[in-house]
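A, B, C and D label the chains in the order they appear, each numbered from 1.
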Amino acid sequence: MSGPPPPAGWTADEMMTVAAARQLRDGVACFVGIGLPSTAANLARATHAPDLVLVYESGCLGAKPDRLPLSIGDGVLADTADAVVSVPEVFNYWLQPGRIDVGFLGAAQLDRYGNLNTTVVGDDYAAPAVRLPGAGGAPEIAASCREVVVIVRQNPRTFTSRVDFVTSVGYGTGPGDRERLGLRGGGPRLVITDLGVLEPDPVSCELTLTRLHPGVTREQARAATGWELAVAEPLTTNDPPTAHELAVLRALQATAEGSRP
Amino acid sequence: MATLVPLAQAVAELVRDGDVVALEGFTHLIPFAAGHEIIRQRRQELTLVRMTPDVIYDQLIGAGCARRLVFSWGGNPGVGSLHRFRDAVQHSWPRPLELEEHSHAGMANRYVAGASGLPFAVLRGYTGTDLPRHTANVSSVDCPFTGETLTAVAALRPDVTVVHAQRADRAGNVQLWGITGVQKEAVLAAHRSLVTVEEVVPELTPVPGQVVLPGWAVTAVAEVPGGAHPSYAQGYSVRDNDFYRAWDAVSRDRDTFRAWLDRHVHRAGAAA
Amino acid sequence: MATLVPLAQAVAELVRDGDVVALEGFTHLIPFAAGHEIIRQRRQELTLVRMTPDVIYDQLIGAGCARRLVFSWGGNPGVGSLHRFRDAVQHSWPRPLELEEHSHAGMANRYVAGASGLPFAVLRGYTGTDLPRHTANVSSVDCPFTGETLTAVAALRPDVTVVHAQRADRAGNVQLWGITGVQKEAVLAAHRSLVTVEEVVPELTPVPGQVVLPGWAVTAVAEVPGGAHPSYAQGYSVRDNDFYRAWDAVSRDRDTFRAWLDRHVHRAGAAA
Amino acid sequence: MSGPPPPAGWTADEMMTVAAARQLRDGVACFVGIGLPSTAANLARATHAPDLVLVYESGCLGAKPDRLPLSIGDGVLADTADAVVSVPEVFNYWLQPGRIDVGFLGAAQLDRYGNLNTTVVGDDYAAPAVRLPGAGGAPEIAASCREVVVIVRQNPRTFTSRVDFVTSVGYGTGPGDRERLGLRGGGPRLVITDLGVLEPDPVSCELTLTRLHPGVTREQARAATGWELAVAEPLTTNDPPTAHELAVLRALQATAEGSRP
C-alpha cells in the first residue's frame, strides 16, 4: 500500500471509509457490495444518514443491520430488511429500471475513465496472471444506478492506464460513450481512495484528483497512479475523521470481529 | 410427487457424469452435504453452474469433478479468493477448468428463462464490458416496438439442480425462507431436482418470507440435518464464519486440501 | 418516501384527466374506494388498464370516466357479464369505449416489462388467435440463439397505478398478502402510485405470503378502512358476494345505475 | 338449453359435471377456470382424485377448497393452497413451460376443430352483437397444457361451424396446425357437454361424438350442433351419475349457496 502512515490516530483505510460514508445523502437508496462499500454505507446509516436505504444483491431491500454483515447473504440482512425479494427480482425490478440512487463498487483495477476490472489480471483471459472473482452484480450496478461511487485503495497496479478486462463500464473511452452504449445511469461520480478523492472532469470525463486526505501530498497521489494524474485547482483537503465518526466506525468493525464464534 | 430418499441414493440416481449441475444458494442454504456426496461418488466431467460458486465449488473443483464452470462471481464470501478455483484456472490443477462467466443479472435471467420455458431472456446488461467476447450465450435483440437494442442471454437448463431448504413435508412439498436467492428459478429450470432439507415435518406451517416448491415440481427430497454447514439455514443454524476463514489456509496448499478432503469428505461417509 | 394523505387529496394530486390509470387487483383487494373517488372528482378521458376489469370498472365506465379500456378479462367474477361495459361497447353509452384486449399472460408480462424498465417482454402466447389483429402491442421476436420465433408484448407504463393493501407504516411501507396478483408489478411499472390501506400501523409485523412495497417505491398512501368493499381484504374482511350478485340487476338498466351512482358514490362523499 | 329433461333424478348439467370430473386422473395438475370447470375439478378431488392439484390463475397452486370458490380470487383458494404466487409467475413459471397436465376451459362458441371463442359474438369486432368477457388465461392454457378438456353446453349457437373470433386455438384449421403454430401442448382431448362427449378424430382432428349421456340420442346431439356432426361407431353411453357422485356434487354446490351471507 502506498498510503501515508496514520498521522493522528486514524488509518488511511479509516479516512477512506469515513470519506465514502460522508458522500451518502440521507434517504437515498444505495446498492452496496460487501467489504469497504458495506462498511461505509453502514457507517453513514449510523451517523448522518439514518434513513439511507441499503439494497444488497442477495435480495434484501432496506436492510438495517445492527452489526457489519460478513457477506452479502448474512442472515442479519434478511432479518432487518423491509423486504426480501428473489435475486432475479432485485436485479430486474429494482436495479435495472434505475430506482437505485447510488451504486457503491470496489475494483481490482480502474483506469482514467473509471472503467473497472474485477475479472482477471494479465493480458491473456484464458491464462491470467491472477484470476479474480468476476463480475457479480457490478456491470449492471455500474450501468443502471443514477450514480456510482467507487471505493478503492490507490496504487499504480490498481490505478492503471488500461484495465486488463472491462468488467464494469465507467466512461468507456471518453465523453459520449455511455450514451452511445445506451447506459442509463450517470456513471462514476466519485472515486474515494486511501489518499483522496477523484472526480470525473465535466468535459473530458477523465478522473481528476479534487481532494486529498489530511497529510497526503499531490505527489504521493501522482506516484500512486499508473497514468499522468490530472489535479484540480484549487485542490482541497478533506476534514479528518471526527471523534464520533471514528468511534462509530470502530464499534461497527468490532461487531464484525465479535461475530466470530 | 417428489420422492423422499437418502442423500447417497438421490445423488446416485440424479447426478450423472458429464451432467450440467447447479448447486444454488446465495451464501444462505448452500447444499454442502450434497456437494460432498457428489465428491464421494467421484462424479466426473461435470459442468458446474452457479451464480456465486464458493467453498463447496472450490472443493468440487479441487476434487477434480468439474470440467467447466458457468458462474458470475467466484469467491469465499467475506473472506477472499477461492484458491482451488484459482489453481485450476491458473495452473490446470488437478485438471483444466473451462470458464463461462456472466454478470449476476445475466445468470439470474438465464435461470428465469429456463424456468419459464423460454430459450432466452432480455435485459439491460453486459453492454460495453468484455464479458460477451468470451461466451456465445450473450447476444442482442431489437425491441419490435421501439427499435431499441437490448441484451439477450440464453436460457440455462441444468440437467439437475440441487438446493438446500429448511423443511419438506411427506409429499415432498419444500419450504425455504430468509434469503432465497435464485433457488426457485434454478429448480424450475432444471430437468431434475434434488432438495436436501433440515427436517421432514408432517405439515409445513407457513412462515413469513417463505418460498414453497410444490412436491410435483421437485424430483427428490433428502433429509440432511445440517446439510448446509458451514453455510446456514435460517431458523436452524448460524453461519460458521470460522470455517470460511479457516478454508483460506486449508485451500491454499494442494496437499493440505487433499488431506482435508480425504478426512472430511471421503472418509466421512454419506450424511444420510 | 410515500406521503400519507387523505384519499380525496391523493386522487386530486395523482390522477389527471387523460391519464393511463391502472386500478389493479385479482378479485381480492380491489381499490373500490379509490375508484369511487375518481368518479366523484369526475375524471375524464381516462385510459383504464386492468387484467380483470370488474364491477369498479363497470362503474367508472358507466360514469363516463373512460375513453379506452386495456384489459384481458372483463366480467363480474362469479356472477356473469358487466352490463355497463357491454352497453358502452355495444351502444356507446354514455360514450364510446375503445378496447385493447390481451390475454392474462400477455397483460401480466406487459406489467413485468414495465416494472423491469424494459420496452417489451417475451412469452409464448397469442399464437393462432385473433387477438393480435386488433392491437399494435403484440408482435414477435426471434431468439438470437435458437432462431425460434416468440411473441413480444409492449411494456405497460401507466401514468398512475392504484392498489389496495392491508397495511402501511408511517414511512409508507406497504404490506399486502393473500392473493397479491400483479399489484407489485403494476405499482413498479407506473410513473406514480397510490395505495389505499385498511390501516396505518406503527410497525409491519411480517405475515406469511406477504408482499412488501418499500415506501420509497410508492408515491402516496391513503388510509381507507374498508376501501376494498365489496371486494375483500384478507385478514380484515370477507367478500360481499351479495353485492356482486345484486350488481347484475343494478347495472342492467341505465337509470337504475345512475340512481345507484348518485346515491352511493356522488352523495357519499370521500371515504377519507 | 337443448338437453333432455332429467330422466332419473339428475339434471343434464349434473351429468356433464360428473362426466368431466371422471376424466381427471388423480395426481395430475389441472389449471381450472371458475364455474363449471372448477365445480368438476372439485368434484373429482372430493371423489376419486384426492391428490388432484388444482391451479388457479390467481396464483394459487394446489388449492384444496372445502367449499366451491365463488371466483378465481376467492380467499379459500389462498388459504388452502400449497403456495400462492404472483400472477406473472403462475403464467410464466407454471403454465408456459408445460408443467400443467390438464387445462379445463369453457367457451361461448366452439367449432369442429375445438377452437374457442370467449371474446365477441358477431362478425364485426368493433361493433359486436354480444360483447363477451374476453380471453383471460384461456389462450395460453389452450396452448401450453399437455391436454385440454372443454366443458360446455351443446346447442347450435355454441357449436358453430365457424367461431366469430379465435380466442383460444384448438386444432386450428386441421391436422398439423398446432405444430406449425409452435403450440407445445396437445390441444383438446375431450369436449364434455350436457349431451355427451366429443373427441378429436386421430386423423382429421375433427371433433367426433364418441359417447352419449344416458337418455340422449345421437339425433339430439346432431340437432344441437351447428355443423354436420361426425359420430363414432360404436357410440357408447356414459354411466349415469352414481348416488355418491350426486351427493358429493350437491353438497359442494350447497357450500356455494351457503356462502351467501
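A few points about this structure:
As a working rule, a residue touches a chain if its C-beta (ideal position, glycine included) is under 8 Å from a C-beta of that chain, and two chains touch if they have at least 3 such contacts.
Listed by chain with UniProt protein names: B, C = 3-oxoadipate--succinyl-CoA transferase subunit A.
In this text, all values refer to a predicted model and were calculated from it rather than measured experimentally.
Work out the mean CA point of chain C and of chain D, and you get 28 Å between them. Work out the mean CA point of chain B and of chain C, and you get 39 Å between them.
Inter-chain centre distance (chain A to chain D, centres taken as mean C-alpha positions): 58 Å. Touching two or more other chains at once are residues 92, 96, 144, 184 of chain A. Residues of chain B found to touch two or more other chains are 116-118, 123-124, 148, 184-185, 209, 211. Chain-to-chain contact here is organised irregularly, matching neither a line nor a ring nor a star, and falling short of all pairs touching.
The list of touching chain pairs reads A-B, A-C, B-C, B-D, C-D. Those residues of chain B lying in contact with chain C across their complex are 116-124, 136-137, 139-146, 148, 150, 152, 154, 206-210. Put simply, chain C touches chain A in their complex at residues 1, 115-118, 173, 184-185, 188, 211-217.
For chain D in complex with chain B, the touching residues are 27, 29, 51, 53, 61-62, 82-83, 92-93, 96-99, 184. Listed in rising order, the residues of chain C touching chain D in the complex are 26-28, 51-52, 71-75, 77-78, 81-82, 85-86, 89-90, 101-105, 108-109, 111-112, 123-131, 134, 148-149, 178-182, 184-185, 209, 211, 232, 234, 238-242, 245. Against chain C, in their complex, chain D makes its touches with residues 34, 57-60, 70-75, 77-78, 84, 86-88, 91-92, 95-96, 119, 125, 127-140, 143-144, 165-169, 172, 177, 181-184, 259-261.
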